[in-house]
Amino acid sequence: METAPPKILASVATPLIEPEESFDPDIQSFFSDCSKKLDTHHDRYERVVKLSRDITIESKRVIFLLHRVQDETSKMKICNEAEGKLQVVINSSWNRLAKELVGQDHHHYLRAYSPGLQEFIEAISFLQFLRDGNLINLEEVQSRLTYSEELKVPVPVYEYLLGIADLTGELMRLCINAVGRGETQLVFNTCMSLRKIHEALSSLNLGFQRELKRKLQVSRQSLQKVETACYTVQVRGSEIPKELLAAKAVLSDDNPTWNEEYD
Amino acid sequence: MDLATVFAQYQNLLDADQDLREEIRLIVRELDTTGREVSLILQQIHQEDGLNQIGELCTRAKLTLSKANEQFSKLASKIPPNQYFRFNDHWRYVMQRYSFLCALIFFLESEKLALHSDVGKLLEVSIKEEDGFHLDVEDYLSGLLQLASELSRLAVNSVTAGNYDLPIRISRFVSELNGGFRLLNLKNDSLRKRFDALKYDVKKIEEVVYDLSIRGLRSRSLTITK
Amino acid sequence: METAPPKILASVATPLIEPEESFDPDIQSFFSDCSKKLDTHHDRYERVVKLSRDITIESKRVIFLLHRVQDETSKMKICNEAEGKLQVVINSSWNRLAKELVGQDHHHYLRAYSPGLQEFIEAISFLQFLRDGNLINLEEVQSRLTYSEELKVPVPVYEYLLGIADLTGELMRLCINAVGRGETQLVFNTCMSLRKIHEALSSLNLGFQRELKRKLQVSRQSLQKVETACYTVQVRGSEIPKELLAAKAVLSDDNPTWNEEYD
Amino acid sequence: MDLATVFAQYQNLLDADQDLREEIRLIVRELDTTGREVSLILQQIHQEDGLNQIGELCTRAKLTLSKANEQFSKLASKIPPNQYFRFNDHWRYVMQRYSFLCALIFFLESEKLALHSDVGKLLEVSIKEEDGFHLDVEDYLSGLLQLASELSRLAVNSVTAGNYDLPIRISRFVSELNGGFRLLNLKNDSLRKRFDALKYDVKKIEEVVYDLSIRGLRSRSLTITK
Amino acid sequence: MDLATVFAQYQNLLDADQDLREEIRLIVRELDTTGREVSLILQQIHQEDGLNQIGELCTRAKLTLSKANEQFSKLASKIPPNQYFRFNDHWRYVMQRYSFLCALIFFLESEKLALHSDVGKLLEVSIKEEDGFHLDVEDYLSGLLQLASELSRLAVNSVTAGNYDLPIRISRFVSELNGGFRLLNLKNDSLRKRFDALKYDVKKIEEVVYDLSIRGLRSRSLTITK
Amino acid sequence: MDLATVFAQYQNLLDADQDLREEIRLIVRELDTTGREVSLILQQIHQEDGLNQIGELCTRAKLTLSKANEQFSKLASKIPPNQYFRFNDHWRYVMQRYSFLCALIFFLESEKLALHSDVGKLLEVSIKEEDGFHLDVEDYLSGLLQLASELSRLAVNSVTAGNYDLPIRISRFVSELNGGFRLLNLKNDSLRKRFDALKYDVKKIEEVVYDLSIRGLRSRSLTITK
Amino acid sequence: MDLATVFAQYQNLLDADQDLREEIRLIVRELDTTGREVSLILQQIHQEDGLNQIGELCTRAKLTLSKANEQFSKLASKIPPNQYFRFNDHWRYVMQRYSFLCALIFFLESEKLALHSDVGKLLEVSIKEEDGFHLDVEDYLSGLLQLASELSRLAVNSVTAGNYDLPIRISRFVSELNGGFRLLNLKNDSLRKRFDALKYDVKKIEEVVYDLSIRGLRSRSLTITK
Amino acid sequence: MDLATVFAQYQNLLDADQDLREEIRLIVRELDTTGREVSLILQQIHQEDGLNQIGELCTRAKLTLSKANEQFSKLASKIPPNQYFRFNDHWRYVMQRYSFLCALIFFLESEKLALHSDVGKLLEVSIKEEDGFHLDVEDYLSGLLQLASELSRLAVNSVTAGNYDLPIRISRFVSELNGGFRLLNLKNDSLRKRFDALKYDVKKIEEVVYDLSIRGLRSRSLTITK
């Protein structure tokens, strides 16, 4: 470029006021303090963001793992494995994150760990649904992230609800999978649960929570997919002639030869 | 060296990039056309007597497919080593489509799953990242998911054509494929979305099998031999 | 919720096909391999993202530091400090990032480290502009991030240009600051350099690079701010009656009593 | 416990949040009105004989400001410990405005920089994060940047009013402030933007000083005594 | 009259607007809560034995709905006669929701279309523009389109619940509704968009009827009486 | 020549454009209304005994359609020969709609595909670009894609109405149409999108045929003659 | 009463709305043209000898303005008494523009602030909401803010034209106006935004006065009489 | 004629469009490069001694510009006479840019406004719609608005370069241009937006003239001859 010669600071006019010399040392030290305060906050914020990313990834993997459940046997095994993985996250990343929050107003860092928290809630609620057939509640989530009176990661109700809204998507996948495997009862039960969760979420008067409103839309779509799946199962099932109902009972008794009888 | 000279060099770099992209686009367009031709041939399996001509259709499809081999090798020669992922958006869609077409031919001929290496061999494209131009595993997987979708349609149409065995075999095949995909931790958004769609394909095929079973149209021999 | 009883998996209908049992072990092991491959990539990607965030923060701090230059003395000191800080980034974060890329096609991870790279280029080019009065070029940036034949972080020309486009914003700040301090020559020189950089960037035929086009808009605004600042300095300077030109010379000789002469 | 009962509890939490926000909004609106009144008084310094009434204007401004003390204490009492940053978007703007007003009064009375603690004292608000409701340092800094902008305007108007000394003192003051801000690594976007604007304030004031110098209107006494 | 006095008058006008908006917002929020309660009750029709409790559910829904009557009358009393359109953005969404709820109850009880006047009566709100506060025809129509969407869902779920007659009747009802809407030349953007969605609802319901027909699940009696 | 005179000339050019657009808008609105009437008539094919009245419905539809001929000729007369593409956004949607309506009538009457020229003749609009105002091939193709969508719905409803032959014929027709479109290398975005939807229409119709096949409802005669 | 009849009634309601909007649009376009003419006349005050022709320019501007009176009365006659707020988006921008033009003429003739009632009289439009069609206070205030912006430009140009007194008077006027606006508690978004811009106008004018002061160009007489 | 043949014809029509677009894109890219070169030359007027080299810069710019003539004629030869508006989105931006460049050269050489016909002559492009490929009036006007913006920048920079006369002449020129544009009733959105920006350019230039006036830097001779 060769345009800005090295002498750029050798200016023609001197400053009319000489700032540096008259710089009040008190003020300088005050601003230095400020600077440290701001830096401390930013550094902590950055560490929290990174922990949150770790938590997100591990939670996503747990969700994938849980979708590998095929039957009662694999369910037990996989749920235990998932529980183990989540416990590792709780003991490592969450624990470190909790330590970062000690003595801080966690709301100051909430935006930094909110993505990880939501994904974690999605994973742990999915695990509990699969294993125990019920919806984990806010207190239960909070208790998992509470290490002691002072050491904990606070779980705001909004974040909990956002995580649960995401859960509905996974329940939809679970349900459609179950249709593919012919697990009729699981299909209907999941549909019922999904409907109840969706209605519970919809009944909340959310005020200005845009993100939750958006997720509710997605949840509504999931519910409709599942309802359509149930419908299909039902319509197909209805086709069985009345005369076959007895056979259907046999069928439900796991008789592998049922279909040979009506060739 | 003044600014203009330096920036002229940058312009050269940018132009080279643009020109290369243009060349790539042209080859990819040819590949797209070839793929379309292969597809058009294979579509005939859905037609009324299509299932009886599978052998012939596959032969014709593979013949046309061989045109793509050269095109792929021409494309590969354009890509500097270590720059595959710089340009792969250009051929990503086409590569997935070819993976699907190969896997479909493979299935129609052998009723087996075309592995990553099988598709690579058919396309005469490396499957190793180290080799620069290669068939990326994500594109291969995406092709398999397209296959599942095509097979769900085939299951329906083969019933219409009076073939009641194929749907059962498709069902087993897709169920196995589904099992395979469950082992993956997908981060990639588009792949995950397609995988979600797989669930619906499984469901659809399952319904066909159910319909056959409930009407006693499932041929006994098959379930026994299996 | 109590809706999904624990027996959810005890379905009424058995699956018509038994997927798990007939699962081909070859295929299973193939998918397991795939799974590992994908996970390895995702894990590396995540590590690169984190390194990039570290680089961004440090680069930003170097830029702030460089804006603290007040005169020739502080310039030397601060430039040295900035150089040191950037060298630390090069030796630590960038080095680790380079190691992640060994044997990889770096384009696969470019989106992960692009933000850090751009901010780093902004910082290092700002340092070189202040210290040497010229624009760092692509080769120079690349050489800083090259550790050996095999170990380096490739710097694509687009990323370089994006970093330089950001530099114009800092040059604008530098210039306006100099106006405030009365450093007329620095003001005009910076304006000239900024104009040349902007014109060089504008003369490029960018094709479809939206981000760069957007940044060029911002750069144009910066240039206009600086041009207006030069204008103000000139208009003010022109107000000096011809008779004062001699005094102005005195003034440029750093005579602190110049203004007393015309009271 | 069934889902409806559990969600009713969540609704309670949400409602409590909403209600609290509503209460906060009302108090903040009162604070806004009070701030507006203080501001209206202080605006008179820009008028033709405003500079001669600084003492009186500051007295009146502080009297009005004292109304805010109660309002702040009422607001503080609403905020549960450790939830300052949950709600601080509601009062952030007002807090910055008050920081500015206090720093302006402080400058007008003493021509010194009001430190964080000075502003805290004037507002009777803690400056420590640990105390829950507090004057956050970012809001305080934002107030200082507003001050610089106001002083650049005051420099212009005080020349119009025939006062040639004040601009020189303002120049020193703002230059010092500028030096302070340069020590900060600002990440926060809005603060950084305001800081960029400070450069223009510095420039404007410098122009005023230049105009005075060039016309020999800068009083000698001042530069000496300083 | 000095400027301050004049502007104080303007302030009064502006304040009146603000205050009224605040009051409106509060009443609309209550209406929203009531509507949500009615909705929660009616949602139970989708549940397993919901269709057997239609009578009871409607009774409960109407009981809750009666709370809205007072709320609407309170709202109406706030609005000066010629200012309905000044504020109607505040309650537009809620009004459409209530139109939908009324039309749903009406359908469930009588399987007939609730006319504009029917909904007005249920809500105890005028339907004439001249009366100031009224149920606007666009809001009413918007409610009908929501009804179509809800009924398409109900058709699906009633099949799941083993009720094969209701979908047939829903199909006839929605087909007739569709005919009505096709007569309208809609310019209004949001209404137009919702109308486009009606097409999908119609299609969805037709497919349900198809599924029942092809499986011989359409009850014979019905098809005969028709 | 002074500036005002020069700019007045520019204004004339701009005004001419505005005025013409206004005239076009009015004629297009009339065309829209006519199209809506034709559509309303043809919609009746989906109703319970609609398939028995096809002849009569087509006659009525064509009668109404003839009103559009004049409107199109009026529109054509407004467009300067070389400016078709300046304004064609105004009538693009309507033109596609009419293409669809013509192709539907054509199919209902003859079960054949209406060619570009057939639609041109029905509308009394040229199909050659050189003639200025014309039926653009993209608009014609877009109409065909709407036809496929309508026929998939008709296949469903004709089964409901107990007509099991029509779906088979629709399946053949749409399958052939699909083959045609697969030959096209579509770049145009909106056309491409609609083409993607065709895939779903084909699949839907195949499933209807499947449902008939598996239940033995496909009339034998048909499958034989084929 | 059948559905078609009922929906035809709804169509009537919807059509009436559309037709009225079309009529309103046409009148508002005429008002826009007239306003543009008035504006073109008044723009000449910025030209080199514009300030010497103020009287004549105002006379011509008012003459042209009188055309608007009829247009406003025609517009008012179209609006049903209680539907002002239904349509006021159509003329809001134009109304604000006219408020500005009136306030500018008023200032140029008398150097006084045109009150709400003054502008109403000039436009021959009621200022009371009860009267249906009226000059809304928000639109009036918006016009005043446009005035401040125009006057800041006039201050600049009058210095260029060698008139050093007008800027001083403009400064006083706008400063007073600013004081008035500071009394207002603005919630309305667009008004608030424009009010924020006022700050810059005030500052610009203060700088002009500053430039005059520092150069001793402020005429002494003026500062004395004040 | 079978379907494949018919669709092949349609394909031809679609392909012709695609191919032509590709050719156009390439020529427009060349035009873009040439325009960039012209622009780079003309940008030097903003540099320190740029104003002293205006003659030479214009000569060089026109020389480079002559390359564009051929490119435009090549482009024109590609466009069928009645399809200008089908493709003009491709060159619209470039055409506006060239209009600006020509008008800038014209101003620099003669300090006059380049008329539509002047720009047409410089580019060797027709200005009549009837001729097919032409310089559209909207593009020409858009170029003029870019000119105003460039001149406001030039006014600023010429002051920096110590040239105090040019800004005065620019001010007169742009003020006249502004008058011309105010006569236009712009509907076109993008043109309207740019026109709004003209207001700021005018204001900016007026402020430059103001700064020169108040500092006595306006050269006397000029003000006298005027």
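A, B, C, D, E, F, G and H label the chains in the order they appear, each numbered from 1.
Everything that follows uses one rule, which is that a contact is a pair of C-beta atoms (placed from the backbone, for glycine too) under 8 Å apart; a residue touches a chain by one contact, two chains touch by 3 or more.
The chain list, named the UniProt way, goes like this: A, C = Translin-associated protein X; B, D, E, F, G, H = Translin.
Computed from a prediction, not measured in an experiment: that's the story for all the values here.
Novice: Looking at the contacts, which chains touch subunit B and subunit E alike?
Specialist: Per touch definition, common to subunit B and subunit E: A, F.
Novice: Touching both subunit B and subunit G, which chains are there?
Specialist: Touching subunit B and subunit G alike: no chains returned.
Novice: Between B-C and C-D, which chain pair is linked by more C-beta pairs in contact?
Specialist: Ranking B-C and C-D by C-beta contacts puts B-C first.
Novice: With chain centres taken as the means of their Cα atoms, state the distance from subunit B to subunit H in Å.
Specialist: Chain centres of subunit B and subunit H, defined by C-alpha means, are spaced 50 Å apart.
Novice: Which integer distance in Å separates the CA centroid of subunit B from that of subunit F?
Specialist: That gives a centre separation of 34 Å.
Novice: Approximately how many whole Å separate the CA-defined centres of subunit F and subunit G?
Specialist: Centre separation, subunit F to subunit G: 51 Å.
Novice: Hey, what residues on subunit A touch two or more of the other chains?
Specialist: Residues 1-3, 16, 19-20, 42, 135, 181-182, 192, 196-197, 203, 205, 239.
Novice: Among the residues of subunit F, which ones contact at least 2 other chains?
Specialist: Those would be 179, 183, 185.
Novice: Can you work out from the touch definition every pair of chains that touches here?
Specialist: Taking the chains two at a time, the touching pairs are A-B, A-C, A-D, A-E, B-C, B-F, C-D, C-H, D-G, E-F, E-G, F-H, G-H.
Novice: Would you pull the subunit B residues touching subunit C in the complex into a rising list?
Specialist: Per the stated touch rule, the residues are 3-4, 6-7, 10-11, 13-15, 17-18, 82-86, 113, 115-116, 129-130, 137-138, 141, 168, 171-172, 175-176, 178-181, 183-187, 206, 209-210, 213.
Novice: Which residues, counting only subunit D, touch subunit C once they are in their complex?
Specialist: Going by the criterion above, the answer is residues 2-3, 175, 178, 182-187, 196, 199-200, 202-203, 206-207, 210-211, 213-214, 216, 218, 220, 223.
Novice: In the complex, go through subunit G and note every residue touching subunit H.
Specialist: Contacts found on subunit G: 33, 36, 39-40, 43, 46-48, 153, 156-157, 159-160, 162, 208, 211-212, 215, 217.
Novice: Which of the residues in subunit A come into contact with subunit B in the complex?
Specialist: Touching subunit B: residues 1-3, 60-61, 64, 67-68, 173, 176-177, 179-182, 229, 232, 236, 239-240, 244, 259-260, 262-263 of subunit A.
Novice: Please give the residue numbers of subunit H that touch subunit G in the complex, ascending.
Specialist: Against subunit G, subunit H makes touches at 175, 179, 182-183, 185, 203, 206-207, 209-210, 213-214, 226.
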